[in-house]
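Think of it as A, B, C and D in the order they're written, each chain with its own count starting at 1.
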Amino acid sequence: MRPIEVTVWGENLHEQTDAAVRELYPDGMHAAIARLIGARLPEARIRTATLDQPEHGLTSAVLDATDVLTWWGHRGHDRVDNTIVARIHQRVLDGMGLIVLHSGHESKIFTRLMGTRCSLRWREGDDRELVWTVAPSHPIARGVPQPIVLPRHEMYGEFFDIPVPDELVFVSSFSGGEVFRSGCCFVRGKGRVFYFSPGHETFPIYHQPEIGHVLANAVAWAHQAEISPIMTRRSQHAPAGWFEKT
Amino acid sequence: MRPIEVTVWGENLHEQTDAAVRELYPDGMHAAIARLIGARLPEARIRTATLDQPEHGLTSAVLDATDVLTWWGHRGHDRVDNTIVARIHQRVLDGMGLIVLHSGHESKIFTRLMGTRCSLRWREGDDRELVWTVAPSHPIARGVPQPIVLPRHEMYGEFFDIPVPDELVFVSSFSGGEVFRSGCCFVRGKGRVFYFSPGHETFPIYHQPEIGHVLANAVAWAHQAEISPIMTRRSQHAPAGWFEKT
Amino acid sequence: MRPIEVTVWGENLHEQTDAAVRELYPDGMHAAIARLIGARLPEARIRTATLDQPEHGLTSAVLDATDVLTWWGHRGHDRVDNTIVARIHQRVLDGMGLIVLHSGHESKIFTRLMGTRCSLRWREGDDRELVWTVAPSHPIARGVPQPIVLPRHEMYGEFFDIPVPDELVFVSSFSGGEVFRSGCCFVRGKGRVFYFSPGHETFPIYHQPEIGHVLANAVAWAHQAEISPIMTRRSQHAPAGWFEKT
Amino acid sequence: MRPIEVTVWGENLHEQTDAAVRELYPDGMHAAIARLIGARLPEARIRTATLDQPEHGLTSAVLDATDVLTWWGHRGHDRVDNTIVARIHQRVLDGMGLIVLHSGHESKIFTRLMGTRCSLRWREGDDRELVWTVAPSHPIARGVPQPIVLPRHEMYGEFFDIPVPDELVFVSSFSGGEVFRSGCCFVRGKGRVFYFSPGHETFPIYHQPEIGHVLANAVAWAHQAEISPIMTRRSQHAPAGWFEKT
């Protein structure tokens, strides 16, 4: 069986300027995310890409060869080129999986796919986050502990301005009392999209095995070994009886 | 009670150049749609707007005063100014209702809200369309005959490249055998969006009372007498205990 | 306009034997719930019914005249007669609204409508519950504060073994860190069903105006002024062309 | 990897009394269904069971060893023992997959899981049925032709009185103009349920490879290699901090 081709994208900015982040992720958050997924998904072939590369490392060739793209961005949302965003968008609609992480909720690619603002409430404090499974038979929840405990994490709270998820897998609570739909599945075009909120840069979230467990499940879920041949790139004329066998 | 403020937008192009359309809709499709809604919804105050007007008739003042906007466009999708599209988009996210009609499936505002291509299969032939209710207790289906018979209509067929509707109200069949999700509800931001596929310009769809029945129900459903004060325009900081009564 | 006919059902058992409950609800929880709804919904005509009445107060005549039934039960679930449960079930499928409260999650009528166990985790402690709106434009959330604060309440936590709600309106958090889908809409047959978890008997939940606000919104949402004439009581033969106008 | 354990249940009544059915399915419809699934799913171990066997062939031992159960019944719905129905129900809630076929829409197990009447409109005539995919990226639609053509089949038409499916995969049209939600996914408890309407006993539906394709996809989808350990058999007390690591 062909391996799952995964591209882990990270903007890799905080790591350059913030010593605390660099200490946690000396070779970048993208590298840690790639390792975390690879540890549980040996059938994946994982590459990374970053903002500062030509075309952000996301050339047409790379994207065409990618089954599932993961996205971590924050400070550099505006620096992502609109042409590249349009290219990713088209690839998702054509069947590529997309995993959007944490502050990626306000990335160009996620808001374009959602059609909404994807705004939320936030607080960097000392909240503990608990990630609860509300869909035990969903593939992304498979084997995940109930709950996942993140000893310290940034609070993300409702109202989260997204369309109603096609499947809601996780809901988080925070010490301060807020709740958040932290694991949300969407189908857009022929692609599967998963948003997962854990992953603030100043906490060792991407060193926690349970998070790797969720990410690996999400990659496997978002990957389609066979993409539907139904053509969606444009509306097409269908003469009467076009589907009849001749 | 304050009347529902409805703005009926029509691109009003086919009516200028196609004698058959002009005969059916001598004062424009928008005028016919406005009449059809008004006939069943006396509590609505209805204005119309068209592509050729300054700002397409959709100034900030008009949109701010609009509770529900209906949209019929086709040939002129590309001529709709991006600034106006962005303005409508923001108004929907802030709670304005939007009813997208027929060929509006490929309008800029609809594809932006959906995040997908909204492509489909089509055929201008002599199909009969039957519009079936699959959600009998939905407000938009209230009092609507099962099925609505459109003696002749353009075929729109699956696959329709939209996100899964939050509520599926109508499914159509065509003489040629195709099916189509013809009445679809979406919530986007704080706004309610309804797509309804009947309405090809060369057929007297907007003279048929059952269509008016659906449109009036849809306007009433999309209208919110009271918009949620929850702020979604940007993510906001929430200090611990912000919701405590002092 | 015809008033909305509401029947508030309470098993009225704790009130008889538990002094603390009787002190909070001297004339029964059902009476308090009826008052709370009536205070915000003057267009409703509200009666109450209890377990100890003949046919639990839910004769065919009463149910046939009821637009929306609210249900609070706990200790007496098993004492509810199966014939009455079947009668309520049929009425819901025919279009009556049903609001199931708190411990009603394990009532016969709710589990029959859901098809699942409706089990959950619980704790009677000193948790504070916060009820968060995750669907700001839903009619049941209209005007409801974000969040509702219940200073003390029984904890109900996930996993809550219900089908995925057709619409998820509220999610609660508890001091202990649990989350719960506390406001859930379902359509079953032609009836609308709302489950709302606040309402433990030892706390003054049904004296809190925000709870009345939600309940009144829920009654208005569950009520249908006009029930679809589509016949669902049995499968029926449909000769070819049955829908043609003659 | 452990094989998928599939039990194909057929009431096997029409085959005994109706020569036309027996000619199509000389060793019973269940045998044909088993063959059809096995042809595409070599990793499955398939057994059959019928109404006339002790406990209808569905002893606790058989069900406990079954990953996915398929169900074809019609004339004998009332002869299925309530004890066995309750046993199947509990197994589904505990994670067993269930595929309900054609006239199984009114079986005891399906209506119990749905909570509704599952009634519909029907006609035995000479309709052609077209089965259209409306969810191209769903695992059950993988590789399925668009549309599947059933040259002759019984008409099943809307309104189909089921809860809104968690995922709608197929919609059918019939020559007579009716439409039907013919492929519907539901999650109930920890089990996955798929309803698929093709399969009338007087047509060679279960000799058609595309139908086997759908059934094999459905079995693979409904099967969970690992069932969530979250306990749902009853509500359980959760002391504060029960999830803390000690």
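FYI, a contact is a pair of C-beta atoms (placed from the backbone, for glycine too) under 8 Å apart; a residue touches a chain by one contact, two chains touch by 3 or more.
Because the structure is a prediction, the values reported are computed rather than measured.
Engineer: Looking only at C-beta pairs in contact, point me to the busier pair out of B-C and C-D.
Structural biologist: Answer by contact count: C-D.
Engineer: Mind checking chain A against chain D and telling me if their interface is mostly the same residue numbers on each side, over half, or mostly different?
Structural biologist: Mostly the same residues form this interface, as more than half of the numbers used are common to both chains.
Engineer: Calculate how many whole Å lie between the centre of chain C and the centre of chain D, each centre taken as the average of the chain's C-alpha atoms.
Structural biologist: Taking the mean C-alpha position of each chain, the two centres sit 32 Å apart.
Engineer: Any chance you could list the residues of chain A touching two or more other chains?
Structural biologist: 130, 133, 135-136, 146-147, 157, 159, 164, 166-167, 177-178, 187, 230, 232, 243
Engineer: Under the stated contact criterion, what part of chain B meets chain A in this complex?
Structural biologist: 93, 106, 112-117, 119-123, 125, 127, 155, 157, 159, 161, 163-164, 166, 176-178, 186-189, 230, 232-241, 243
Engineer: Sort out for me which residues of chain A touch chain C in the complex.
Structural biologist: Within the complex, chain A touches chain C at residues 128, 130, 132-136, 146-147, 157-160, 164, 167-168, 171-175, 177-179, 181.
Engineer: Going by the contact rule at the top, pick out the chain A residues touching chain D in the complex.
Structural biologist: My answer: residues 95, 130, 133, 135-137, 141-143, 146-147, 149, 166-167, 187, 190-192, 224, 226-228, 230, 232, 243-245.
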